[in-house]
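Note that the chains take the letters A, B, C and D in the order they are written out, and that residue 1 is the start of every chain.
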Amino acid sequence: MTTHTFTPTRYYTTMCTTEPALVIADGDTVVTTCVDAGGYDAHKARITPPGNPMTGPFFVQGAEPGDTLAVDLVRITPNRRWGWGRAALAPNVVDPDFVPALPVDADGGRPRAEWDVDMDAGTAILTSPQTSLGHYAFALAPMLGCFGVAPAEGQAISTATSAEHGGNMDYRGFVEGVTAYFPVFAPGALFFLGDAHAQQGDGEMVGTGIEISCNVEFRVRVQKGRRIGWPRGENDTHIFTLGNARPLDQAVQHATTEMVRWLQSEYALDALGAQTLMGQTVRYELGNMFDPAYTFVCKMEKRLLEGLPRT
Amino acid sequence: MTTHTFTPTRYYTTMCTTEPALVIADGDTVVTTCVDAGGYDAHKARITPPGNPMTGPFFVQGAEPGDTLAVDLVRITPNRRWGWGRAALAPNVVDPDFVPALPVDADGGRPRAEWDVDMDAGTAILTSPQTSLGHYAFALAPMLGCFGVAPAEGQAISTATSAEHGGNMDYRGFVEGVTAYFPVFAPGALFFLGDAHAQQGDGEMVGTGIEISCNVEFRVRVQKGRRIGWPRGENDTHIFTLGNARPLDQAVQHATTEMVRWLQSEYALDALGAQTLMGQTVRYELGNMFDPAYTFVCKMEKRLLEGLPRT
Amino acid sequence: MTTHTFTPTRYYTTMCTTEPALVIADGDTVVTTCVDAGGYDAHKARITPPGNPMTGPFFVQGAEPGDTLAVDLVRITPNRRWGWGRAALAPNVVDPDFVPALPVDADGGRPRAEWDVDMDAGTAILTSPQTSLGHYAFALAPMLGCFGVAPAEGQAISTATSAEHGGNMDYRGFVEGVTAYFPVFAPGALFFLGDAHAQQGDGEMVGTGIEISCNVEFRVRVQKGRRIGWPRGENDTHIFTLGNARPLDQAVQHATTEMVRWLQSEYALDALGAQTLMGQTVRYELGNMFDPAYTFVCKMEKRLLEGLPRT
Amino acid sequence: MTTHTFTPTRYYTTMCTTEPALVIADGDTVVTTCVDAGGYDAHKARITPPGNPMTGPFFVQGAEPGDTLAVDLVRITPNRRWGWGRAALAPNVVDPDFVPALPVDADGGRPRAEWDVDMDAGTAILTSPQTSLGHYAFALAPMLGCFGVAPAEGQAISTATSAEHGGNMDYRGFVEGVTAYFPVFAPGALFFLGDAHAQQGDGEMVGTGIEISCNVEFRVRVQKGRRIGWPRGENDTHIFTLGNARPLDQAVQHATTEMVRWLQSEYALDALGAQTLMGQTVRYELGNMFDPAYTFVCKMEKRLLEGLPRT
């Protein structure tokens, strides 16, 4: 149960099977840092090319294909005051004939926004552009936008997107105190993380949260022989599953199917019980509708599952 | 400001321009009843064919195309103890290769469930089928699944589906205390309502909530010259817009575009302000992913809009 | 086997159950005219509001719900020289971030095009706008964009869209010599037709063909007890089925499922035979990707079905 | 202009930047072999794991990111008589509620089919399973299902799927005599090929064609500075573009946008001219609707582009 302090020296923009940055044991904790999505560090220096550069990978001893890697997000702390993002909705999230009405910057591109992130005050103050919002204060809720493990079959999947191995899910539910679960596809799992947001709206409809570099503390646990199909998570109140795909319909199908499997395999619910319960109590959240794969989240309240027999 | 007590004598399974059941004035309240989605009334008698039979239509004096009809949902009260629904997920909401694993009844159809709905206790107790859930108690949250106005251009749109005029949106947010807004397409708006659920999960993933007949009280208000494109709503904490379409992606586009228009037209936000705010604070909910048109809901917290200049 | 000459006096922009314009017998032929999608007649006069105004409905004696109405398209002849349409791709058929690059007219709308339609020469010469194409000659292939029967359950469905009853399918395969089949939902079937195109590309990607008024001759046949689920058709070389829905994926699913049913019910193929054959020989065409419901067409070559036992 | 005879010794199931199997020059021809999708060679021996194992990669001297690689498919010849595939439609291509009606084999899996492929006769005779088709003869039309170049940014993309770099497009139009064009993302382009089909239906709706190993001859040409966004191709009669994505709607958007760019950049058509022409004459084909990314093809007849000024 060691706590490692790790300072990254290189970053990855794919999740892949590659040389580990650090080998850690089941149960270990890591304290490390992540640059922001653009490769900027705590000092506003671009130290690596943009595109969700990842810290890692961490090789977790004992993790083998067919296992599950549990990752406890102990702490996610922005480590600078400058946050940036986009200030206009993405073209794919509005009606096609509304696209020409979206604001553009002087070069015809999507306008940028900047914030002053004050962890003590718990707010991010909009500093630009000049809009009718003025210096609006957004409440902080730091999260990890992109994290996961090496994908199956030697693939190297861009950190722009997501799939069964996790990746760029941009789900605002991945905050401190949450445990994320990933299917292990490669020996050691090879865990990557980065792309913190000081906060984000549902769906990441402008294509960013408030992008920020951060200090992160996480703990890993290997769940031998627990086979899962898609990323899962849990917090104090809910268990949840994530489907990553386009269109949203397919992301919903993945997340929903994964939840049924979970309820049937670990809560001793028969098919009819699991589905009757889901039908009347399930909750959904939109992770993102911007990345190449969209992310949809299927949630069940833990309270509703209490008292049910566990396997 | 009259309160009308109205007893329906016929029901409609399309929303259409037809003979009004009752003519009411701007500001009037109506106390009436709705049969359930299957045409069963408070006495468990099927008094009209199934398919979301509607009470109404109510002709609201002064409502003209180009106006908005506001409907305050004052009271939605189940008026019998018997609730029914489905007990298996719908084939379209799971992975296609998982469909053969969905439970079926003896005839190969989708299994039915029944509940004992106890308004005093605030619960619906599952009475059948026999599952690992036993006599599980679901918390009540009565809502209207299907309501809206006569659609544009003389269309008669089935109450199985939904569109700009409302219809079968099956959104669990339409509970007591909510105000719904509909674009008016026909003189008098011609308001229809029905398809109550004692409660429902997000997405109506089994194809039903806990289907129930009910007593309803609602009040109408005509908003002259307020042009909206899609149904909207508000409750104590949020304003929201609904997009009704397939696939979900398009429903999201409609709801999101409608919210931008709302913020820009009634909250005096410029495009960049409205979109920067939405990008970091917007919330989405899945109404239904079962009906011919799916329903997606875009929400903004009122608290976040306070202090902003209003038009 | 009467041939009726029918001159329309009113037009419909929904397909619905309404007063027949003419009652005809099984086997009868009708010679009539259709205005164009904008309501313009052979003399370029707008004689009815736009939106695919329909000629009809024709009540076919003996047609009952559960039957199929066969419609032989004997002749579709443009009856004027002026054709019009759109000159820019629709926003929904290009990448969302390409939408701002689509040409617009002086009012920000979608630019119009006009053609000189010469039936003798078999060409439509582009007369405006001025483009690098000059006076380009398009080969004529007159077709019906919108036709079908009254939909189920008293619905009145806009002629902007399509569904199981047919409607605005905008499939360029509906030319002279084709037989179309529609499921009958209302007594007499109530057949409507209109929206001719002098020719059209796959998908109607600009939102129009070369819009034209026309003379039409068609013959109806009632197929008692033949139950079909979606519009079907056949020409000299192929049988085909049409799925009308959004997104395209769902339209494909409808058309494909309808073709399997056809092969199994009328060609005496077992499921494995029908599907093995389809898997290696099926052809698809894109009807339209512009209307509220898209149309996808599943085709099988008749030659490949010859020699197979028929039921 | 060398002709290389290359015998593969290892195979890849991702397209990636890796050690070249052979370095060739601009203009060179390669004669080689491909195993089938399951890793079976000309002798029916499984010599490598399944999943569209690729021959290659071929490093083409002079090809740099920003160029285009042209690949002339000179010859695709099945090199054994045994062909195999699937005999039931895939669950995702039929209506969700039709899925339980799809045939399954004794283990509940998707049934297999086998063919006797006779290149002299030009036919593939169905040898199993036993169906109402009997020993049906399918006409041969050998094609490559999966080929392309190393993707951008160091990604290693599974040969189960496709993207901007090509990959598993399963388009039956990629036959002898066709030239395919790929955007170059890595130095040397790194060309991979495999997954031949003796023939295939539109859409690969059973998830396979008639899977076969083959001899292939191809020639490469580097088009310096020609920037394309998606795979393109041309044959004697048409030019075409391919969009690879889910859902089909998005694949259509990619292919359509790529065609507009092509017409505007290389045929000297202005936007209005290109789009007016496309609107009335474009053709579409469904490549596949089975793989993780679907493939849609946008085609323009060369004859219609003759006489237009070229850049």
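Throughout what follows, a contact is a pair of C-beta atoms (placed from the backbone, for glycine too) under 8 Å apart; a residue touches a chain by one contact, two chains touch by 3 or more.
Note that the structure is a prediction, hence the values are computed from the model and not measured.
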Measuring centre to centre with C-alpha atoms, which chain is farthest from subunit B?
D
Same or different residue numbers at the subunit A/subunit D copy interface, by half rule
same
Go ahead and note the Å separation of the Cα centroids belonging to subunit A and subunit B.
32
Once you find the CA centre of subunit A and the CA centre of subunit D, what distance in Å lies between them?
34
Expressed in whole Å, how far the mean CA point of subunit A lies from that of subunit C is 47
Where subunit A touches two or more other chains simultaneously, the residues are 92, 96, 247, 249
Tell me, which parts of subunit C touch subunit D in their complex?
85-89, 92-96, 98, 101-103, 111, 113, 126, 129, 131-133, 136, 138, 199-206, 208-210, 247-249, 252-254, 256-257, 260, 268-286, 289, 294, 308-309
Interface with subunit A, subunit D side, in the complex: residues 13-14, 16, 51, 153-158, 245-247, 249-250
In the complex of these two chains, what residues of subunit D are touching subunit B?
90-92, 96-97, 99-100, 104, 108, 247
